[in-house]
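After this come two complexes, each holding chain A, first together with chain B and then together with chain C.
Right after this comes the complex of A and B.
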């Protein structure tokens, strides 16, 4: 099934855009049909749109599937929206009500049969729904975990205390202790989908150039550490889809997502890497994360270098205080 | 400095093809190549051109592709040095920084040997089909990911231009003197494929015996045949595919249950490995039968016992009827459900895996057994970078007093530790006894052209320990402040866990765990209450059934209650992988739930709801008719 990609993972903008396009499409269809003199009654149009959003789009288009309780909220919200649409004016409201009233009044044989059938089926359906929802069923519990919890003021790694507010990535600062803008994402550029190095033949851009030194050499050293230690979970493209991503929960962080390292300070990342899952505060579920406390495996320099590599490879620049 | 490299016989004559099956390792002539100052390996080549008098059935003769334009090669170099170099190395020798901790080892491009192809055995692959699909869909079961959505199709083609032009050094797609392409007409053949049926599956099960597939792949196809000492052309340990995990087939192209992929691999073989092409000694029809059989062995909703490969009509019908499992599009592995339901069982609990209550109608098909995904333990030293067991299947039943769990998992090797070890079973810090993790290595060649420091080279030489399985549940889970749990790795000091650990030497022990680095505490009195119902390794699969009392000591063990979510984690050891102590496979948190009976009041509430709605209906109708009367009057 590669011909149609689901909305995978956390993609709110894609979801909202797609829904908006669909609603726009419906509106245009509705308008054209009305022009052609075969307008769809608002009663049926409302039901159709509601069913499309809740029973089709949100149920089958998004992966992983949205839990029922969340879809129930969307269902209510969209029902409110549709009611506002159908009750825009008194005539519209009357028009909307007309099919309901005509079944209630049952003035002809068809509506009489329909009314009787509905009067019987609705209570039966409700009873069956109540019964099935009272059966013991065991869905996966939903637990809300904070992905980026508040960091501590200081962290002690390999016997040295780092103040997160003032500590600096030693491989990104110049001789005066300032963040050097040259050591930035300028060396990695967006090209089509992939972020690639600018010039493979330049020792400033290519970490594997034999003459690479300084910043770009440190990137390579960080990359070596990454591909000996981190890719098993975070993946060869740092997108959190490594070999074992399917085995662990919480899933590994996706560094290519604009919501992870791109919006964090390097010292925050340093703290998270050094202390790992077990070092998280309670809201980060330290008991469940398999993220190693890397201070048990790497030196401080190696941790800084691997962070350097992560920013280089994703083309992001860390958030800074100024 | 002289370096000797192993060379490969890259193509095989028909006779060689048939012999390959029996070969465990090729002995090849290598010759000395010198290391040029720039650090480029000149790799020698000794190979013969494929001599196929006429195309095997289903193949047509193809044309060699024209060379790539230099700009495209240059563009691909940029992609390669950003994304690929980290595993495949600067010279494409499969020796990047990541290589030594990977198994299977990254591809060495130099010899032009590629596994998944539409071309005849020993031939180069089709760049714009085979290699492009590999880059697009990745190679499941290895670290090679899918690059679709990460690199554009143009970028994927560019990088292939670079790899095939610059990094494949011993052969060339432009070498029309030595190279030929005989291409499997897969799409055309698929149009006339033998549709899967019970008969076809049964015929396939006979053909895998006739064609000696089972010699390597095992009687039930779990990859446990002549499994352990197989080597690839470079001398690295490899293992035959487990047909029950089609999502791990390298050539599955993110479409695990597609029979075409199996047909293709079977027709063209896997270059560089002992897996030959069967194009010359099987008809196209027979190949479809085999592909149908292998495809239906892949785990599906029903757990069909295939009785050591003696597939009867009934087994074939059951295999045919079973439906594929859902594949998670995010991971390309079976979907995981973190809740493991335990059903009530009347009377005594099952004694073995054949008890019909494991296959109870009350479970929707396939919902009774849950797949538990396993990853290597990489949190604390010694880390396990290769987990040879990547999933276990868990099922549970309970009666008034006991809960029983059946664990089944594929393990190519039965490992029982022979002789004593120096440490006690409860000890977990084994560094002083020499149990350490794989060093990053550095991908150095030795005199035999091997990378002796790599995991891929070491796979057959570990000290063998016991296979094992353990699960942990919190002690006093009733008092855990939600969502707090004891740490997944043997608990923590504040929240200890109850661990039941089975080892293949027949021991089943209860421990208390208080942290990853704390020795386990023997719980002798609870060990007596654990019951090892069955533990058997057969045809590449362990079946272990463990039962324990529901109500244990509230203070010291897990005191289970009906209808409660009880966090549970699983641990698994493969003795032939050198797994022992903390070198193991681990799972995420799952929940064991003993499903309580249907509450009697459910019926009453349902009836009340229905009656309530009838009343509402009556009110609406009355109101409407009153309104109409009013309207009529006015």
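Right after this comes the complex of A and C.
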């Protein structure tokens, strides 16, 4: 259902709002039907709501497709929610289970047939499920990848040891050359959609300004390094969709996603860039990263600068613990 | 036993009560007195230097070396010093270094089974029972006090009976706690002798204090229980309550001491890099994570204890044959569950503090827990927390059904269900999704562009706060179930409460979204106004609601016992979820040390120094939960043996007659 766009930047709230509107719409419809004397029985209302959320909305409305494990979680939770709704009061519970009891009691010909059919189909269905589960599968196994394993306490790059908890980005400085995260945070690109530069005419905001100095000048230097080395995989928009990206699975990290560099300390990113996929610790199973150890190609200064460019371009702030 | 005694004169009773209180006081101070003696004898050592016997030994060794011509005449005996790994202070290296173990029978004797799992089971069972018996006396204290200050005689008697019921259940569990503690020590000694030897050498100054505190706890508990009847009236009742206070003080000290061992294993202090004790026992006890663990465990124990007692009441409710019994156990379950939930609400905040301290102590430890290897276990934990809150709401909605007038709220349940389900879905959406490589490719990257946003902290804070606020609203509805406010300002009050809840929820959602656009350190700070909104709903709206209901019009009585059995299954589920979550969090806390017995000081070189798969861990946790519930059912069954049958009389409506509750047996 890609024709109905999910608006970038608003997608999480859009999904919740759409679901709320749909549920409200169902409630109003059911209310009107009840008024007309043809209300949907609670049993079918519960089943319909569950099917709508899980078999339609989450499966076809949300794109890209949601992995099965998450849909299974959502399906279970929504089933619990529907149970809570239909059994919230004794009257509703009695109403909900009336068709079930009616089929089990089988007081007329139709329910007798239905009960017999169910009693036959249920074990058959379970048998078929067991059979298909036991069939050998040639699918690739499911993986639980640790994307951000815990870093070591220290890392040695070009002969110097860095304590990751306390090391600082040397180029995150103000116009006077002092380490100042607040200054750099105030001069990253605009946070809204499009992520445009704040002021193209300002030497404090525009890295390409010939008079740019300090932090913003180092951002430009980082950008040059990025486009010489990193954009082939991570993409010119830093969204992990570079020229070579789709040769890999998973594709390279999408820095514009709120779950990647926005969640990490700069020193963590420094360690990951310097050591690459081959330097992932045991915890980083299954080590699904082809990133080269950039310490073999870049200097320490170049690594710091490219990291700063990534934060500037995406508009995210590095994680700090103070 | 207490209730079979022949009547005593008031003077005699008072004398007995005061004697009992003095004995309890002596029990309380005994470990302190003995510990002072022990510490003075060199156990603690302080920072002044090694104990005399160590110095003597060193002098003797130096003399022997001198005799062998190895030292220059007149040279002083050199006292080696070490630097505290946490406090960074210098101190005399009094203890031996942590043993460097190897994978052999000397360091790790074993059966044909994984020693770690055996220890895990023994430890967990001891912890379950320990938590229960430490929590129940705190409930007793509160309930007994509620009975004493109640002006309604019938209610006072009911509360007193309830407190007695609680302590009766915990007494059998107390014996089991001691037995399980013995099993745990034997397991340590037989399977991990080197590690246990090291740990006990570090904690030598307080090991016996712990044992004596346990003795003191037992003594006071028995006096408290068996003295129930003798100290029933007047000032004697206050003496009795005082003993419960003493009992809880001792229990808390006991728990703090036990916590110090696990805190030391996670964040050692008071030792140098080699693990040598530096003579300051306070540093060893007061490690980086000790206090957050203490607070978290007190709250956790209370929530767990409330859950177990509520499950007992639910079990008795479901097996009741009379209306009187059903009414009593319905009420008991409600009280226990309310107490448990009251401590459940602040528990996530205490957990938040603990995690903050973990990050402050070691960033790697925090990332391993929340973002790395163990992150998926936190998703399971989030699911369990969600189950706890959803179940609580469900119980309250069912309980509305036993009130005349409660049905006017039940039609709105579906809206609360929606908020709860959406909040939970956000709260449990994993950051690292389990998927096949094909799904990964179809998704176009590791993070889902829509759901990925739910996987980070900002959204999750919003999710859990929405759930808690909804739970508070359910509780306020429950309070109003059969009552209508009649105060002159009730209309204004209702509007104010409604607006307050809406604003708090909007504030919560806005901050959850805003968190994506600000630096991480500011984002972490946003949790404060979010939590403040939630707590304001709890601490302002609940009393306001009570004030509005004061003198309110009753629509009808609370029909205790007339609640659907589903509610009781919900209580049992609540208790099971507590138990499962305790097992899970214990495993997470322990396994974050990875391959260390004592983090960065003593390495685990056993063949089991690896992290279990999630599936295996979940199976062992489930086994522990099952084992606990089977054994506690046995304890419950013993409890029923001690209860007299009550004669069936007329059906019960509000209030439950005090005499209708099952009477305790003559002895335990």
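The criterion applied here is as follows: the second predicted complex is superposed on the first by the 224 of 322 C-alpha atoms of A that agree within 3 Å, B and C clash if a C-alpha of one lies under 4 Å from a C-alpha of the other, contacts with A are read in each partner's own complex, and residues count from 1 in each chain.
Criterion: contacts are C-beta pairs under 8 Å (C-beta built on N, C-alpha and C of every residue); 3 or more make two chains touch, one makes a residue touch a chain.
For clarity, every value in this text was computed on a predicted model and none was experimentally measured.
Contact with chain C, but none with chain B, is seen for A:150 once the two complexes are overlaid on the shared chain. Once the two complexes are laid over each other on the shared chain, residue contacts for A:52 go to neither chain B nor chain C.
Of the two partner chains placed by superposition, A:43 touches none, neither chain B nor chain C. In the superposition on chain A, no contact is made by A:26 with either chain B or chain C. In the superposition on chain A, A:197 makes contact with chain B only, while chain C stays out of contact range.
After overlaying the two complexes on the shared chain, residue contacts for A:162 are found with neither chain B nor chain C.
By the touch criterion stated above, A:141 is placed in contact with chain B and with chain C alike. Of the two partner chains placed by the overlay, only chain C lies in contact with A:66; chain B stays clear of it. Legend: residue contacts after superposition of the two complexes on their common chain; A:319 is shown touching chain C, with no touch to chain B.
When both complexes are aligned on chain A by C-alpha atoms, chain A residues 6, 8, 64, 139-141, 143, 191, 241, 249 touch chain B in the first and chain C in the second. Per the touch definition, chain C reaches chain A in the complex via residues 359-360, 362-368, 371-373, 375-376, 383, 386, 390, 393-394, 397-398, 400-401, 407, 410, 413-414, 417-418, 420-422, 424-426, 428-456, 459, 513, 516-521, 564, 566, 614. By the touch criterion stated above, chain A contacts chain C in their complex at residues 6, 8, 11-13, 15-16, 19-20, 23, 27, 62, 64-70, 73-74, 77-78, 80-82, 84-85, 87-93, 139-153, 164-165, 181, 185, 191, 240-241, 249-251, 253-254, 257-260, 262-263, 265, 268, 283, 317-322.
On the side of chain B, the complex with chain A involves touching residues 38-39, 74, 77-79, 81-83, 85-87, 90, 96-98, 100-101, 137, 143-145, 147-152, 154-155, 254-255, 328-331, 333, 336-339, 341, 373-376, 378-381, 383, 385, 387, 390, 440, 483-488, 492, 495, 563, 565, 586-589, 591, 593, 595-599, 601-603, 605-607, 609-611, 613-614, 617, 620-621, 624, 628. The residues of chain A lying in touch with chain B in their complex are 1-2, 5-6, 8-9, 63-64, 101, 104-105, 119, 122-124, 126-131, 134-136, 138-141, 143, 188, 191-197, 199-200, 206-208, 210, 223-228, 231-233, 235-237, 239, 241-249, 276-278, 282, 285-288, 290-293, 296-297, 313.
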